[in-house]
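Below are two complexes that have chain A in common, paired first with chain B and then with chain C.
Then we have the complex of A and B:
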């Protein structure tokens, strides 16, 4: 069957429960009640601190076929996922599902666990590195589930991602299970992506290398939901967890795109008091923030909030009075951690607060503008952020589809030519974010506006911006680089791409090799 | 009128930059075979730049190639580059009219029969070059502009190059005057600290006040600032429109003398006003709010 954006979705996929095809960004209205986790009690004298992961596995007990969840706030410095899965393998467990909000190169040992039958399922929002490559080559016998950050929150809340045990890597904990991310050698800032796991898992285990005095302060995840605390030698490598400073790109083409994107935002008329903004931490996205900042300073605009992954740059904007608040689901650098720990206007929120579509209101809905990237975009404005030009998985939605759906204006910034490859294609290999939620594409050679947003096009033309039809931009790129051959994929479905509402927007097929 | 507010250097050995050189909106792109390219890479860069001229669309930017000096690879560069139809050649370290004669002859020999004549921009970057500025400017009809290269020039003087640029004041005014006398454009030296936007702004404003018509640039980030300075301001446009209005009114009334705010409007003023309005029209600055 074809879904609402014309992607062919099989009626049934082995290993995936009922398939609901994507039917439009806001088409699904849930009629259900939330998942309820186990009700707990402990006696006043009971202790939560256990000596080892093996002991905690036995106490719960962790058994074959369970779903173990993890957050990705330690990024490529994470030590906890590998530690926990090594314990599972040591205890001879089989058939586990790993629900890890993002997979990084450091998680390569998962491959061996899959080959040995310890792990048979993967549920994630983003993956890069050896695991992603192995998944593309057909590592798992059943497809990996690729969700959005908000969608993962939703799936947990709605019981579609039922977590048996949440292992929460905690930079700091007390013995009674209060956790935060701002202290200890592995400080990572916000613990937002672990909030739904902590709320809805049957068992919650904190894994830490830094025990503070009871009661820990501040508390991000509280004792009322944490069953056990395991003290280990080291939870992760700080060098892989945070960067010292986040630098703005010096690439002239990236800067040109960023400057144009800032002019696009200005032309929307949204840069005024109360402005709410989200941008990524990399390349042209952060540079766009720098240009937007200049415009805000020039017109003495005080924004309402900046959202998303928080960098030192955003912290500086908060401290300079350009935004009143930061809403932080994930921090990227030391400045973000310092600010979260000390500034009451820097709010730590969970993935559900950030972006879940099925609650009484998430933060992305309050955004004026979001700046996002793309590996590919088609002439219907559908965006791919999952697979690269060789068809191999190299990312995932993360908050992409969520922020795109929520913001008043969603802007994709991308080089029209990446190396020798045009970014615009007739049909993206993998649709991640539907075109109906994408408003503008900004490239170094012009700006394309979604035909659904004639209002914006008019404003951009009036502002003298280089507006071009998306077909025209595509032809321009192909005139320079030629039209690339379509990627050949195999038949086997290696991943299903779930839209934030739980419907299937696309599938990823195996690549050769 | 050729617009050369900004002339952006693009390293001739960088394929990515050569491909993207047209996206920055510079009035001219200078594909550089000289300083940006190490001696070992000269032939590869020459080949790349030749291909770029044939295949890359630089949009509305004029294409200029900076060749190597006459005493090194100028002859090979001209032979390879001129048939690829650049708009102009930027000749480094020009010191005399004879240098220009030599380059012009080599260009003529390399041009295809139906080719639009390739222009010459002379880069003056030695004390001798500054002394000979006027002779160089009028040495050949192909010469359309003099540009100042202050880094080498200051080294030649034995002076320290500063951000304030006191040491190049004389050279600047000589270049501007010589160019004006020969009826060609004068282009200022680049501001070399790409991270200092305020310094760039002040330096460009000074260049404009002195009479330069444009500025060399070593980084695409500088272009917007340079254009902002060299674009006619709203006040300029307003004044120019009043001048033209006054002169038309005088003509209609059969009076030979026009005046504006009590001052006589004579031919040089009319010329300046016309130049401003022409520039404003070219840049789409007329009629809008900005």
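Then we have the complex of A and C:
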């Protein structure tokens, strides 16, 4: 069957529960109640601190077929996932599902656990490195589920992702299970992506290498939801967890795109008091923030909040009075951690608060503008951020589709040609974010506006911006680089791409080799 | 007919460039191309065509070419190939230069 953006979705996919095709960004109205975790009690003298992961596995007990969840704030410095899965393998467990909010190169040992039958399912929002490559080559016998950050929160709340045991990598904990991310050697800042896991899992285990005195404060995840605390030698490598400083690109093409994107934002008329903004940490995205900042300073604009993954640059804007608040679901650098720990206007929120579509309102809905990237975009404005030019998985939505759906104006910044490859194609290999939620594409050679947003096109033309039809931009790129041939993929479905509401927006097929 | 006498190289492994290595082929070996590219799936055939076309225009018949491509445009591939041929001892046709 074809879904609402014309992608062919099989009626049934082995290993995936009832398939609902994507039917429009806001078409699904939920009719269900939230799932409820086990009700607990412990006696006043009971202790939660246990000596080892093996002991925790036996106490719970963890059994074959369970779903173990993890969060990704430790990024490529994470030690907890590998530690827990090694324990599972040591105890001879089989058929586990790993629900890890993002998979990084450091998680390569998962491949061996899959080959040995310890792990048979993977549920994630983003993956890169050896695991992503192995998944693309058909590592798993059932497809991996790729969600959005908000969609994962929704799936947990609605019982579609039922977690048996949540392992929280905790930079700091006390013996009674209060946790935060701003203290200890592995401080990572916000623990937001772990909030739904902690709220809804049947068992919650904190894994830490830093025990503070009871009661720990601030409390990000509280004792009322944490069953066990395990003290280990080291939860992760700080070098892989945070970067020192985030630098703005010096690439002249990137800067040109960023400057144009800032002018686009200005032309929308949204840069005024109360402005709410989200941008990424990389390439042209952060550079756009720098140009927007100049405009805000020039007109003495005080924004309402900046959202998303927080960098030192955003912290500096908060401290300079350019934004009143930061809403932080993940911190990227030491400045973000320091600010979260010390500034009451820097708010730590969960994945559900950030972006879940099925609650009484998430933060992305309050955004004026979001700046996002893309590996490919088609002439219907659908965006791919999952597969690379060779068809191999190299990313995932993360918050892409969530922020795009929520913001008043969603802007994609991308080089028209990346190396030799045109960004605009007739049909993206993998659709991640539907075109109806994308408003503008900004490239170094022109700006394309979604035909659904004639209002914006008018404003951009009036502002003298280089507005071009998306077909015209596509032809311009192909005149320089030639028309690319489509990537050939195999038949086997290696991943399903779930939209934030739980419908299937696309599937990823196996690559050769 | 142009011929080359030694192995030579032109280009870099920077993004949007190509590194071309040419070596004399045995008589009758024809044009042997070995291609690595980050855009092999999308442009592999196009790159081979431009390499062969450049050889034929120069009248080179027996040659081994290795191209390690980092997403170069046709004009870059052509220029790097001509430079490699020239360094390998071929006398290039002026019309092309």
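We adopt the following convention: the second predicted complex is superposed on the first by the 513 of 513 C-alpha atoms of A that agree within 3 Å, B and C clash if a C-alpha of one lies under 4 Å from a C-alpha of the other, contacts with A are read in each partner's own complex, and residues count from 1 in each chain.
The rule we apply is simple: a contact is a pair of C-beta atoms (placed from the backbone, for glycine too) under 8 Å apart; a residue touches a chain by one contact, two chains touch by 3 or more.
Please read these numbers as outputs of a predicted model, since none were measured by experiment.
Enquirer: Are chain B and chain C a fit on chain A, or do they clash, once the structures share the same frame?
Expert: Once both complexes are aligned on chain A, chain B and chain C fit side by side.
Enquirer: Would you sort A:487 into first (chain B), second (chain C), both or neither based on which partner it touches?
Expert: Touch status of A:487: second partner only.
Enquirer: Quick one: name whichever of chain B and chain C touches more residues of chain A.
Expert: On the superposition, C touches more of the residues of chain A.
Enquirer: So, A:190: does it touch chain B (first), chain C (second), both, or neither?
Expert: Neither partner.
Enquirer: Calculate the angle at chain A, using C-alpha centres, between the directions toward chain B and chain C; round to the nearest 10 degrees.
Expert: 50
Enquirer: Give one of first, second, both or neither to describe whether A:125 is in contact with chain B, with chain C, with both, or with none.
Expert: A:125 contacts neither chain B nor chain C.
Enquirer: Scan A:268 for contacts with chain B and chain C and give back first, second, both or neither.
Expert: In the superposed model, A:268 contacts neither chain B nor chain C.
Enquirer: Could you say whether A:445 touches chain B, chain C, both of them, or neither, answering first, second, both or neither?
Expert: The answer is first: A:445 touches chain B but not chain C.
Enquirer: Is A:255 in contact with chain B, with chain C, with both, or with neither (first, second, both, neither)?
Expert: first
Enquirer: After overlaying the two complexes, what is the shortest C-alpha distance between chain B and chain C, in Å?
Expert: When the complexes share the chain A frame, the smallest chain B-chain C C-alpha distance is 6 Å.
Enquirer: Across the two complexes, what residues of chain A are contacted by chain B and by chain C?
Expert: In chain A, positions 480 sit in both the chain B and chain C interfaces.
Enquirer: Would you mind writing out the residues of chain C in touch with chain A in their complex?
Expert: Residues 15-16, 38-43, 45-46, 70-74.
Enquirer: Enumerate the contact residues on chain A facing chain B in the complex.
Expert: The contact residues of chain A facing chain B are 252-253, 255-256, 259, 417, 444-445, 464, 479-480.
Enquirer: Which residues of chain A touch chain C in their complex?
Expert: 389-391, 418-421, 480-482, 484-488
Enquirer: What residues on chain B touch chain A, complex-wise?
Expert: Within the complex, chain B contacts chain A at residues 16-17, 19-20, 23-24, 56-57, 219-221, 224, 284, 288.
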